Amino acid sequence: MDLQSVASPTGFVIGALCGLVPLIIGIRRRTFGPGLLGFLACLFSGFACNVLGGLPMIVLAVAVVISYTYTDRDDPFLSRATIEEVDFEETFGAMITRRLATLGRSIRVGLRALVRNKAGFLGFLGLAFFFMLTIFGPMVIPYDGEPHYYDRRQEGAITLFQGPSAEFPLGLDWQGRDILSHIVHGGRALIVTAVEAGVLTSVIAVILGAIAALVGGLPDRLMNAVANFILTIPQFPLLVVLAGLISFKDRFFLALLLAVLDWPTLMRAVRAQVLSLRERDYVEAAYALDLGLPHIVLREVLPQMISYIVISTIFSIRGAMYAIVGLVFLGMVPFTEPDWGVMIFMGRSQGALFSASAASMLLSPVLAVALFQLSLVLFTRSLEEVFNPRLRAGL
Amino acid sequence: MDTLPKDVVLSVQDISISYLAHRGRTQAVNRVSFDLRKGETLALIGESGCGKSTLSLGIIRLLPKTGQIDQGKILYASRGGEVINLLDLNNRQLRDFRWAECAMVFQAALNSLNPVIRVRDMVYDTARAHGRTDREATRKRMLELFRRVRLDPDRVFNAYPHELSGGMRQRVLLAMGVLLDPQVVILDEPTTAVDILTQRTILEVLKELRESMGFSIVFISHDLSIAAEMADTVATMYAGEIVEIGPVNEVFYRARHAYTFGLLEAVPTLSSGAQDLISIPGSPPDLIEPPTGCKFHPRCPLATPRCAREVPPLVEEAPGHKVACFESAQVLAQSQRLAESQHSPAGL
Amino acid sequence: MRKVTLLVLVALLLGSVAPVLGQTGEAPAGTFYGAWPYFLPPDGHLNSFSTGGPASSLGLYYRWVELPMAYYLAAEADYEPWLAESWEFEGEEAFVVHLRQDALWSDGSPITADDLIGTYAIGRILKWSDFNYVGEVEKVDDFTVRFTLANPSLLARHIILRTTIRNMTVYGDLAQKALDLYASGAAIDSEAWLALQTEIKEFRPEQVIASGPFIYTLDDVGDSFMSLHWQPNSIFSESVQFGTVQIWYGETEAVTPLVLDGKVTYATHGFPPATDQAMQDAGLRIIRGPYNYGAAVYINHDVYPWSRPEVRQAMAMVIDRAESAFLTKGLSALPVQYMGGMSDGLIQLWLSEDEVAALNTYAYDPAAAEALLLGIGFTRNAEGKWLDDNGDPVAAEYTFQAEWADYGAAAQNAVEQLNAFGFDITGRAVQWQQLDEDIKAGNFTLSVRSWGASSPFPTDQLNGPLRSWNYTGLTEGQTGLNFPMEFEWNGEQIDFTALIAATGAGLDREVQQPFVAKAVAIFNDLLPVIPLSEALTNNPLNENLASGAPADDDPIWRNGGGSADNYITYLALKGILTPGPDAM
Amino acid sequence: MEARPDIQVVDSQSAALWKTLRRALTGFTARTLLQGAITIWAVMTFTFILIRQMPSNPVQIEAERIVREEQLSYDEAYSRAAALFDFNPDQPIIEQYVEYLGRLVRLDLGQSITSAGTPVLDQILQYLPWTVFSVGLGLLISFTIGIFVGMAMAYWRGGILDNVVTAIASILFGIPNYIIALLIILILGVQLGLIDIANALGRVDPTLEPGFTPEYILSILQHALLPVFTYVAATVGGWILTMKSSTIATLGEEYVTAAHARGLSQWRVLTAYVGRNAMLPLVTRLAISIGFVVGGSVIIEDIYRYRGLGKFLVTAIVARDYTSMQGVFLVIAISVVFANILADVLYGALDPRVRVGGKER
């Protein structure tokens, strides 16, 4: 997956082309507003992520556009027909339309939930900010990677560090480079890898935890043994040795490695929680109905634990971010700049915190990570509203 | 000062309850009134989402934060004969009122027991919250009540909820409900999640308890056969409103509201096969933007243009039998036909 | 003989009186605040032969407790006698040391030849590298010791004179066992030898008997600081102006706040430039003395095109060394001027002006570098990237030590500059121990490590990278830099190993000089590694806590900041450094 | 007795807790312990091989140090270092392993390689108590604050407390602990002079005689203040947010409403009904954290010169002191395994549904 793509003119064209689809459908169905919005959404996401952003957005936008006008004439609950008269055979096209409309409705419900909770919306805006920063920021702020040795050296200074100024809002780093440009250009790889690692961690933990608790017996014992083993082996020596053996070209495998080392804690919590939940009426009922493990996990157990799992995922993401900072310096991934992780490590080893004019190099990426985490945490408020209907209704 | 007829213990007067939802206010209960007399069992029947549970939560003032009682009064006659409006109570008084005066047994038996503490701790908690600090006395009373609901008292008393079967839990809840000798017990679907034999046991012990202790019951159910067996009075709720209320035989044999009749038609009996069952088509209405006129009219097979226009008032058409339906005469005719075809409409 | 006995008697007498005398001496007021990551008991102990003992635990402050025989003054390339009074070579076979006769241990007894002989007896069991040069160690008289030389060189003198002498009241039993074992002719890896080795290492003396003006016990070792206390009997007890030395515990990050807060007289933690700046801003004086080594580009000579001297010469011309030095350590690194494999100061000391002028200084000149590369058939592609004469891109991975801020910086800057010239270089941080292994195994293309050496001898400096990191100094199967040590140069067959060895052989500098000049010229031309900068100390000196430090141009600062021959040791023990207003 | 019902309740409850604990413990078969032992053995073996695969070895590292400090050439330094250590890099690893196991069964952790003659056990005993004290105290405080604040936030969800604490907790938890520690020292100590960083750091005032004197204990507590505070600051956000999310799920439970319906006091509902259930997922997390208490918090111990096992371990890793490292890792492995067993016991005690040896499907 090419997650390194940046906003580009090609993307703009792709976005515009993609946007035509919802626009035309919108015009034909006489829902001009949503059609136009769909066009803009496709334009934006195509612009940001090329085909990867444009195509999925077509589906989403079309779904929303359709959902405005779609009425399900065959809905047995809305029609007065008796059961015999209802036509359950529908054409493929009709089915797609119906599915799309359903999807569109959920998107609308989700979006409404998103906007409704103020704190959650703030978190959403924060995430959007980071998205814009890393996708569109590079178009506005060029990367400043050349060391500007003489022209940026201040009188009497023995480093090229400089504190924030009007010209360089976040100051200059140890090589006299603009920190702001490094913040803008250096976040994407770290964020993407960390989010991958966090999500992978949670997925592994939830699946294994649920299997351990619901299946029990040998798989349970085996998984506990593995979890204990991973928890107990000293990670630093392990990583040092691994770094000598392997180096990653693809950061996805780095994320995978982090996930493999990180899942046991959450897995144990999930396992314990599922052990409690499995006594619940609805889980017992699901068992009795023989609905199968995936169903029980996805439909019965997960919603119950969703907010706990989401917050754990966020913490895994944060953990992964700082772990990557360390791993870059164990040589597991090529040392590429600009990168927040490189900034954090260099900032620390250059003693940036001790000098007022240098602190920005270390604190800028750290605060960026902290604010990113804050946005995620706030955003969970909205997610809770979407996923936990009980909360929607209040206590 | 409000007054109540002498034998009325609980009087709900013109109560409306709404929830603050995303799209606006959901009118969950709309101008509901009824009286509950001493020793009487009132069955509230209706589909899920019709406001039965909200109403009962409203009575003990346990609505979620987003829910509020917009108008009306809930009057309660204490044993001393004092009449209080529950809506005037402060938190402290409310806590005293709950359970000691009016207990509520919730729908999902396991889920209303704290899974991590023993039954006895819940019992002690309850007793202590109402100033009964004599643990030994509490224990004795509880054991006695357990015996009465046909539970092995010592075992159950010291058990954790998950160690009990569904039926046992339900009976534990029943027994706990009457621990403080309340005047009113609200039972929210007490027999949903249990098998048919357990259901019988529960109903039997409930009857026994009612006889020996003399409390009044508000019985919430969508199971008409059980309602018929237990209730003195039946109220049908639809879309937050009571559309028909009357003595049990009157309502079941001479239903006058199309919705009640629809519910009766949907009851399986031994004599009728499943293929004869007729369900009420459609689903309960949107309570934020309810239909005009009679809220049932979009689903009603007898609906006339008038039904869509005007709201039918609740009028007493037979002694103690009130109904809100313009076509009650037609319904009555149909239901009598039905009663004839099935010797016992609610019979099991 | 009688005279000697008499002397001993007098000395012993003096010794027994000395403690009484000593107690009348008042400890000077004032505290010196140092900082060092010393060992805490049980890892820390008082056996200075074993790791964790004073020698390895106290850093530069060790020599404030146990004195060496002489102190090397780098600027004069000569020694100042401390525990020794004088010394001389006996032809090429032996080196004789005469100890001072008035030097006492802290318990009041005199420091004698027995102490020195015992020290070396134990050192022999511990396989001290001194025995690469030294054969027998014999007592001539109570204050004279004769070292027979296995390998006569000025280096042997350097090593012997700077050895600290240990007290035989403490180590006497072990020394006797060591002497007996050696006398028995036991093989060096025999059971008995190893057993004694272990016994020595595991020996835990109960006290330190100091020859320096400071002494301590394990009770003085706390977890946040330890203290050394003045004792009256040392040859420096009179001159030293500090009554207490308090050593803060901590590594760089922990010590920096203390330094900034004015709680440290002097620290030696190798602070990064930003900290350097902050210390200056806080009004501290920064001492910049030489290390005689610095960062260099290491090259794997097995990898084409880096094996071509022209490529290395071009690299030397496209990396702006002034920029590199500044980014590496701020003002605490100087761009290398002569590129001769020896510190610039030493080159000036050893080479004639003409010889110096003949060296290529590789001034920053991308145009010249371009011409040089085009001249050997290299080309630039459309994007301006270099292709070698086979048409392959001039690309490499440049590995550097993740933990070393200065070398990391040097490497990153070199990557930037080489890429700006049109090479295709990727940086990769590697844990430093891993990188060591990688370089030794030849598992690298470009990397960064030191040229030169901390030693003031041309041999050591030239050997710096070549003995530790080239195949000649490594074990079998390791290729390291794989810089060929035998080659043709200017039409002459050169054995570089032998040439470098010749720069240090014998006792006559005049004989060595031409070899030095030739080796430097060869290094300068072939660039086995490319020196970038020469490191300086950036040790903060707090003048509120210590006064009297001489001006920046004083020759003493040329001594550098290592633990041996440290300039602060000299200034403090000689009493030049006195407690400042805040240290009283 | 009747006059003091509360005490009686508490007594009987703690007795009940004790009883469940005991029952949970007896549920432990030899199998659990055997599993623990096998895990420890497996980890020990794995670690044994692992740390010897790390690049370089003790002798090389010491040689580097000597080169740096003593102005000797590398070979000279190497031969000096080699003789100083009881370590033969050429000995086959299997031989080393068998030797180590042999000593281990006699509970002998061996001697430090880099500090010959110093038993590893002595080293561990020197540093372990301080780490367990400071990090353990920090964990305890952090967990307790997390539980209560998290619960309060969930209860008044969307209120000012919730929003303010969420912001603070997220940001604090997003900043690495060494930055918090350094900022405390730099701002409170160096800039504002509120902390005497020269004397407030370390483990205890070195001029005091060790012993159970009030001064000594007070000094220990004073010196632990900064590390414990920093540790709490760096971790409390995690506990708060996790507890909050866990409480939210619990607040919607039927039994909470039911408890209110029974007229229980707010406090009782919050503690016994909401809190106890919401804490369950955190208990596992807590137990795992307890396991890592002995590993210490390396950077905080370094910056505050609070010398504990974490700092010691790092020193040992840097010096490649295999035996010392192995010793510390063994202690960590044992504590993690026991903490996990503890987690099961504790979970069982708190949640009767998951009791060990309980019903299995």
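A, B, C and D label the chains in the order they appear, each numbered from 1.
In this section, contacts are C-beta pairs under 8 Å (C-beta built on N, C-alpha and C of every residue); 3 or more make two chains touch, one makes a residue touch a chain.
Just so it is clear, the structure is predicted and the values come from calculations on it, not from any experiment.
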item	value
B-D compared against A-D, more contacting pairs	A-D
Innermost chain by mean C-alpha position	D
Subunit B and subunit C, separation of their C-alpha mean positions in angstrom	91
Cα-centroid distance, subunit B relative to subunit D, in whole angstrom	53
Distance from the mean Cα position of subunit B to that of subunit A, given in whole angstrom	46
Centre distance in Å when subunit A and subunit D are each reduced to the mean of their C-alpha atoms	30
For subunit C, residues contacting two or more additional chains	253, 257, 260, 431, 434, 437
Residues of subunit A touching at least two other chains	240, 244, 276, 279, 354, 395
Subunit B: positions in contact with at least two other chains	108, 111, 115, 162
Touching residues on subunit B, where the partner in the complex is subunit D	57, 60, 62, 94-100, 103-104, 106-108, 111-118, 121-122, 124-126, 128-130, 133-135, 160, 162-163, 176
Complex contact set, residues of subunit A against subunit D	117, 119, 214, 216-217, 221, 225, 228-229, 231-234, 236-238, 240-241, 244, 264-265, 268-269, 272-273, 275-276, 278-279, 304-308, 310-312, 315, 318, 322, 344, 348, 353-354, 362-363, 366-367, 369-374, 376-378, 380-381, 384, 388, 390-391, 395
Residues on subunit D engaged by subunit C in the complex (per definition of touch)	54-56, 60-62, 65, 67-77, 79-80, 82-86, 111-112, 114-119, 122-123, 126, 178, 182, 185-186, 189-190, 197-198, 201-204, 206, 302-307, 320
Of all residues in subunit A, those that touch subunit C in their complex	145-147, 149, 157-161, 174-175, 240, 243-244, 247, 328-331, 334-337, 345-346, 349-352, 354-358
Subunit D - residues contacting subunit A, complex	35, 38-40, 42-43, 46-47, 50-51, 53-55, 157-158, 162-163, 166-167, 169-171, 173-176, 178-179, 182-183, 186, 238, 241-242, 244-246, 248-249, 251-252, 280-285, 288, 291, 317, 325, 329, 332-333, 336-337, 340, 343, 347, 351, 353-354, 360-361
